[in-house]
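For reference, the structure is listed below as structure tokens.
Note that the chains are named A, B, C, D and E in the order they appear, and that numbering of residues resets to 1 at the start of each chain.
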Amino acid sequence: MSASAIIFYAISAFLLGTGILAVTATNIFRAAIWLLFSLVGIAALYFWMQVEFVAAVQIIVYVGGIVILIIFSIFLTQQSGKEMPKPPLQRTIFSVLAAAFGLALTYLLISENGFTDGNGQPFKVAVSDIGMQMLSTTEHGYILPFEVVSMLLLAAMVGCIVIAMKSKQNNLPSPKNTEELS
Amino acid sequence: MLADFFILLKQELVVTAIIFLLLFIKLGKDRSNETLLGIINLLLFLNFASGFCCSQDGMLFNDMFHTNPLIVLEKNILNLAIWLISLQSYSWLKTHKHVIEFYLLLLSTLLGMFFMISSGNLLMFYLGLEMSTIPLAAAANFDLTKRKSSEAAMKLIISSAFSSALLLFGISLLFGTTGTLVLTELPAHLSANPLQIFAFILVLSGFAFKISAVPFHLWTADVYEGAPVAVTAYLSVVSKAAVLFVFVSVLYNAFKPLADVWYNMLFILSLATIIIGNLFAIRQDNFKRFLAFSSIAQVGFILLGISGSSQTGTASVIYFILIYVFSNLAAFGVISLVSAVKGKENISDYKAFYTTNPLLSWVITIALFSLAGVPPTAGFFGKFFLLTAGAAKGNYWWIGIAALNMVVSFYYYLRVVKAIFMDSNEQPIEKISIPNYSKLALIICVAGIIITGLASCVYDYIYSLSSGL
Amino acid sequence: MNLSLLIIIPLITALVILFCNGLKQVRAVALTGSVVQLLMSVFLLSTYWQERTAGNKLPMLFEYNTTWFKSLHINYHIGVDGISIAMILLTASVVVAGILVSWTMEKLNKEFFFLLVLLSMGAYGFFISLDLFTLFFFLEVAVIPKFLLIGIWGSGKKEYSAMKLALMLMAGSALVFVGLLGVYYQTNTFDIMQISQMHIPLETQKLFFPFAFIGFGIFAALFPFHTWVPDGHASAPTAASMFLAGISMKLGGYGCLRVATFLMPDAAHAYSWIIILLATIAIIYGAFATMMQTDLKYINAYSSVSHCGFVILGIGMMTQTSINGAVLQMVSHGLMTALFFAAIGMIYSRTHTRMVAQLGGLLKVMPFISTVFVIAGLCSLGLPGFSGFVAEMTVFMGSWQNPDTWYRLATILSCASIVVTAVYILRAAGKTVMGPITNNEYLGLADATWNEKLAAGILIIGIVLIGVAPFLINQLIGPGTENIMQQVGKVVTLK
Amino acid sequence: MTGVPLTHILFVSTALFFIGMYGLFTRRNMITMLMSIELMLNSVNINFVAFNKYLFPDKLDGIFFTIFIITIAAAEAAVAIAIIINLYRSHQSIDVEDATEMKF
Amino acid sequence: MSNYAYILWIPLLPLATFLVLGLFGRKYFKTFSGTIGTASLLASAVLSIVAAYQYFFVDGKVNGVYEKIIAFKYTWLAFSPNVSIDMGIIIDPISVMMLVVVTFVSLMVHLFSLGYMKGEERFATYYAFLSLFTFSMLGLVLSSNIFQVYVFWELVGVSSFLLIGYYFDKPSAVAASKKAFIVTRFADLGFLIGILLLGFYAGTLDIGILIQKLTNAASPEFTGMATASFLGVSALTWALTLVFMGGAGKSAMFPLHIWLPDAMEGPTPVSALIHAATMVVAGVYLVARLFPVFSMDASALNVVMYTGAFSALLAAVIACTQTDIKRVLAYSTMSQIGYMMFALGVSKYGGENGLGYMASMFHLFTHAFFKSLLFLGAGAVIHMVHSNEMGDMGGLRKLMPITHIAFLIACLAIAGIPPFAGFFSKEEILTAAFHSNKMIYGVALFTSALTAFYMFRLYYSIFWAKEAHVHDHHGEGTLTMKLPLIILAICAVGAGLVPFSSLITSDGAALETHVDMIFSIAPVTLAVIAILIATAFYKTQNDKPAKAAAAFGGLYRAAQHKFYMDELYIFITKKIIFPLIGQPIAWVDRNIVDGFMNLLANTTAKISALIKGFQSGKVQNYALYFFGGVAALAVVFIYLWK
């Protein structure tokens, strides 16, 4: 077993282990931290696969963005350190079964499929290539999805602002609202 | 080249333009809601009208975007639907604080749908799908202070995130087994091996989630019930229609090699959808929830039509969706009026509705009859053609079960009609004055319900644009 | 003769009604429209007669055929033969009578007449259609007005009955629909005349015939799918009962004949024993069930089950005479049962009860209505001189022509129903119109008004005309049944 | 990276996917549910990158897909959190079991 | 062959009267309606007599035989090229004879009713119904097609129903009319099936052709019918027996006779017309009409014979015990028709062997006069005392001399005392029976004696017995009531002198008959003895009848209760058909058949309620089901399918 393989298995074990902890930890704050580790592990996997750009994006967006967002929202909605309620036993059982079954099935199918490795070409990803291709309108250009995503982000932003903004609407005399709140 | 670009992308560009125009208006000085809504409705009408000028076949961005007359037609249907919804929600939005934001969200989802329909690539498809969902979840929360509204939004976003995770997993497996994301290249690489079938099932579940086919439908009723009426209408009509349009073309084109598999799958799904939708619909009291289940059952019929996988199948699905737009929106039009003015959304509130609001009663009755498939409304033609298409493969027993399920669906539609016309009520909903916008929308819907069926040119036109498997 | 007028006139009438104000205008428009339609039907009859006497031997006359939905081979194809004309005349008479009977409708009169006229439009369209799609279209058009008519203006457990009726009829049309699809995919056309020229393989026929036949059979109160009949008829307002029994049940019989049997004769032969079995059960069973009823409307409704059994029997026996008889029975039963319901409605509107036990001696206070009642009853029990006799005897004779011993036995059993019919009719009549007056309040009741007299008169004229001069209607429907027999008989020689 | 077969990487991603799914099924706190979803999306990302690298090294489709998924995941998370916060305002709870006002 | 087209007017005149009176009578001719009816019937009667004269005496015989003439024929309802219901007029000896009888008796009844029904509220309706009945009866006797017979048969039934139920506010009248109609309907069912059988095998419904085909033993129709058998009985026997069943119903033969006594609830003139002279003999007429066919099948004739004889005896026994005068007359009618029936039963076709046939027709003819006379006389009596019960009467001979004399003549006639009409016809019947079947002869003799006994029991109870305590003011009634009595009395005396045997025989050829004095001794003696016993018993009030009744004990009680036939029928209908067939079916329909439909609906609703848990509102469950769906699809379509 080569060193690279050992590194791979180590990373894998780490990210899966932290992933499991992230979904089982009873303390929500700890869970968020485990998630953070797991995401970092995934970034490491990307590094291992020599797709540094993606790894970078992963760290910037996830670790730097989403997890922070999540932690903030935890602070907003919850006292940290409080134990989270447990799901009903029945659901836990079914969830375990479902997840185990899904994993078994999927992996069975994957391993039976017998992927033939690529034609041996070196896989080199230069960040500039990605940038060029992203904004190219010609062959293999990704300008259109890029623009679409930007529109999506705009819309998401608008949505977030409207929803999460402390609404002054409560002051409006509206019979429906009082009815709903009561 | 540039002219092509504009012509091919005209609908998307118009929508984008409107979005930015609205942003500028938002950033400018405050205007009264009435003015805003007037402007917006006019813009939406222009948007709808612009869809009819100069369209042509073509591709852009290297398969990322393609269009043809059928796709233009589909987008026009969506444009029409959003215009109608906008007209109907006048009463609700008149007092709302975030009118422009609401339209920003809706229009961006519309844009997402346009790209999704035109997508020639799984990435574009995925982006379009997400773009048509995420802002909608935000929009579902637009009754900001209503608990149900937030709950609905939460359910929508979590369910859709879950489903898109599965969908993505499926896409990744497809990518892994075929090496391509381009829809037109997919058939050449598909060989119906188990992993591909599994990937297909995951992708299918993503579609099925959006069109709320059983067993992927569970979010539907809750979200429909909780979301504001306009959003519910939008969800049940526009977003569903858009995904169905894509679904048909993806199935018929990209997944052609798997036809044997998905044909049977669709049949099972369609029957399950019809039956479960009906079974749940018969005991609902909330009008929106009721329509949610009824729309689930309708989707079952649509799936049946798709499974016929012929030119008739494509045509009848699109035809039916057009009719469904009119019928469902006519019903939602009335509901949104009543909901906005009286805050009542239960079927039992509608008892003796006819004594106070005969016109609205007739509108909703015609709409329900059309949904039930009673002639001379267009719904009859739609259902007839769908089942005819579905029978092309000779599964008459199943068609028979579906046809008998129409009887069950009849029951619950008639239950509403019964409440409106026959039941007595101490305090029926008082007379509602109908704003002109809503009136216009209702007239268009009713006219559509009547004309679309009887005038065969509509169907023949759609048929001429369609293609089978 | 443009047959589309038969659809257009009711349509226009219905639309004009929507713009009317007040009962007087509404009913005037409705009556005018329906009378014009009746005159049209008579005119149609006379032109048809001229054509036939001029030697026109085409199976269908006044055909009009235009493409409707090109891609699905759906045409708007209409045309009539004698059978259709008989049905149209029946419909027109019942409609006029129904409108006259509802002359003083108080509640929501505009909607009431609108729906009545709409319902009649469905029936007219159904009877002239020569395209399965068009036929199915009109079949369903006729369902919903019934639901509303019963549910809004009915009495008793009206919602339940309306729902039951609508659902069962819809189930029927759903079955019909599957049958139609089967035929369509076999022949690639919806055109009845074209399909009749093709030969559908026996196996296919055997698969789809039951769908079509049972589907239409539900409309025609085929046992055991008849349960909508008693409830529906009993709860419906008078005019709706008349329409239901007089017209709507005929849609089923006509469909069984024109669609199921005509297009799939092989299967009809193969299944004829089942059809006959069910018909015989319906006849006997309906008659005995009627005997036990205490509500006048239920009596007539159950007797309709029994009488419509003759229609099915006639079709199932598949001899020319029996099919003739089936058609005659449809017309006869339509008129007779409409008259019966009209009389019951008149009685009910005055005494406010339909229970036989509470009525009595009405002949004394309302001789006209009671006479109408008795006439309807006598027609129902197959008295010569009224249409019922002619129809039933034709069915018996026709059925008897089928030489199979078991079929003979079925015929004899069916014949036996005439005794039971006599029992229940006489029991009802004896208690209701005869005997001493049971309630002193009845003494002050008024007899029929002019409109009721007119309504009854129209129907009685029809009944008596057929009863006294059956050769007329026999000549009318003869070529039509001959045409059907050619189709059905062809198979017999094949075997 | 030599010596590690593709299927092993795929196993990791698949396992991660179902770990995420398990979390989604069992976590009653909405924010943790959201976290679980992030795990699932990440597993898809691993898939795309691995496929792209192992099987189709001549193109970058998988990489791009990954990038877009990450972006969209961010948008999704943002909106979801906004909704959750709004829900918290009205329910005073982000337990998903408390948000079952609409059912049957 | 001359023109008989005018015969069409004989039935059409009453029909016209019916339509006019039925539609406009109540409003416009309230008081004249009787006159109109009587006048039109007078015209019919005159036409009938003219027709009879022309047929029997002007045209006379062709080759020594009275021919069947089809005077008119129109295809009314064609079933197939050969089989059709035709409306036709057949002229042959029996139809002409019946024509005369019907119109004549009907005329008498019309006349009588002018007085009897005077002042009734529904006077016009009464005459309309009478006209309808007359029309139907005339149509029946003139029918040239067996289905035409059935058509008028039914019309006769319904007009009888209407007339019996004339006093519709009397529950007993309503019940009686219902009973009459339903019982005869039941019999008609047999008739109808018989017609179907005959029509099918013979390939025609035309009586002439039918007879022609089925009397030729070599014809395929006959052989087909004689060889085809069902339950061991040949189709011919079945058909004829079933046809006879129809006749038995109308003619009140055992066991279908139960309606006749009850039918006396109708106005008495109606009973005279329907239940004495015309409708009740329709059965006899029917058998006579088809007699050539009957004569081909001995078993069917035997059925006719035994039924007739038994009915004659049974009715006579019951008549001896009844106290309602109309019921006595009703049973007497039944008894006399039994005579006619078994006379037909013992007969053969043609020549001397056809004596029974001739005798039967002869008796029908004479019976019409004296029985209608009896009924009209009874009517006059009832008119006077306003009661049907013998106990309310007595000693009326002084108050109503004309009625008394007429009634006495009629009693003598029916008792078979020479030279009254009944004697001659009864003699022929007894002769025929004697030559054919001794047992029947015995029964006939005994019945004859009983007849004399109960008739005179009736006679004495009405006119003697005790002093009249009725003080009536309108005497014996109007002239229109007396006149028919007188005319009919004359007929009852003279009808026996008609040279019947040369006019009406089974084959149309004249029959040589002679009154054999030796033969007459026995019946006449018996009759006289019976009359004497009756005189002893009933001329004055005494306790002999009670003692005699006690002596007979059970038989008497049974006879008084009509041998419990009504009870049996009521048992069958009320205890078997209604609760054991009708109610279960009605129950099954509501609970099983309809219940199943409701069950479908309820099950759907139940399932719907049952599975509502899936929509639990918990988004995690939704996701779980979602994945479950995916997994299921995957398993099914990857591993299970194919």
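Here is the rule we use: a contact is a pair of C-beta atoms (placed from the backbone, for glycine too) under 8 Å apart; a residue touches a chain by one contact, two chains touch by 3 or more.
None of these values were measured; they are calculated from a predicted model.
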item	value
Third chains touching both chain D and chain C	B, E
Interface with the most contact pairs, given as the two chains involved	A-D
Chain occupying the most central position, where position means C-alpha average	C
Most remote chain, CA-based centroid, reference being chain C	A
Farthest chain relative to chain B (centres taken as mean CA coordinates)	E
Separation of chain A from chain C, taking each centre as the mean of its C-alpha atoms, in whole Å	68
Rounded Å distance between chain A and chain E, as computed from the means of their C-alpha atoms	100
Gap in Å, rounded to a whole number, between the CA centres of chain E and chain C	36
Interchain centroid distance [CA atoms averaged], chain A/chain D, Å	4
Contacts with two or more other chains, residues of chain E listed in rising order	601, 612, 615, 617, 619-621, 623-624, 627-628, 634, 638
Multi-chain contact sites of chain A, meaning residues that touch two or more partners	87, 91, 94-95, 98, 102, 105-106, 109-110, 115, 140, 142, 145, 149, 152, 156, 159-160, 163, 181
Sequence positions of chain C contacting 2 or more other chains	167
Chain pairs in mutual contact under the definition given at the outset	A-B, A-D, A-E, B-C, B-D, B-E, C-E, D-E
Footprint of chain D on chain B - complex, ascending	123, 126-127, 130, 134-135, 137-138, 141, 144-148, 150-155, 157-158, 161-162, 165, 168-169, 171-173, 175-176, 179-181, 221-222, 225-226, 283, 289
Chain D residues within the chain B interface of the complex	10, 17, 20, 24, 30, 33-34, 37, 40-41, 43-44, 47-48, 51-52, 55-56, 61-62, 64-65, 68-69, 72, 75-76, 79-80, 82-84, 86-87, 89-91, 96, 99-104
Of chain D, residues touching chain E in the complex	21, 24-26, 28, 33, 96-97, 99-104
Contact set on chain C toward chain B in their complex	67-72, 74, 133, 136-138, 140-141, 143-144, 147-148, 151-152, 158-159, 162-163, 166-167, 170-171, 174-175, 177-178, 181-182, 184-185, 207-208, 211
Residues on chain E engaged by chain D in the complex (per definition of touch)	612-613, 615-620, 623-624, 627
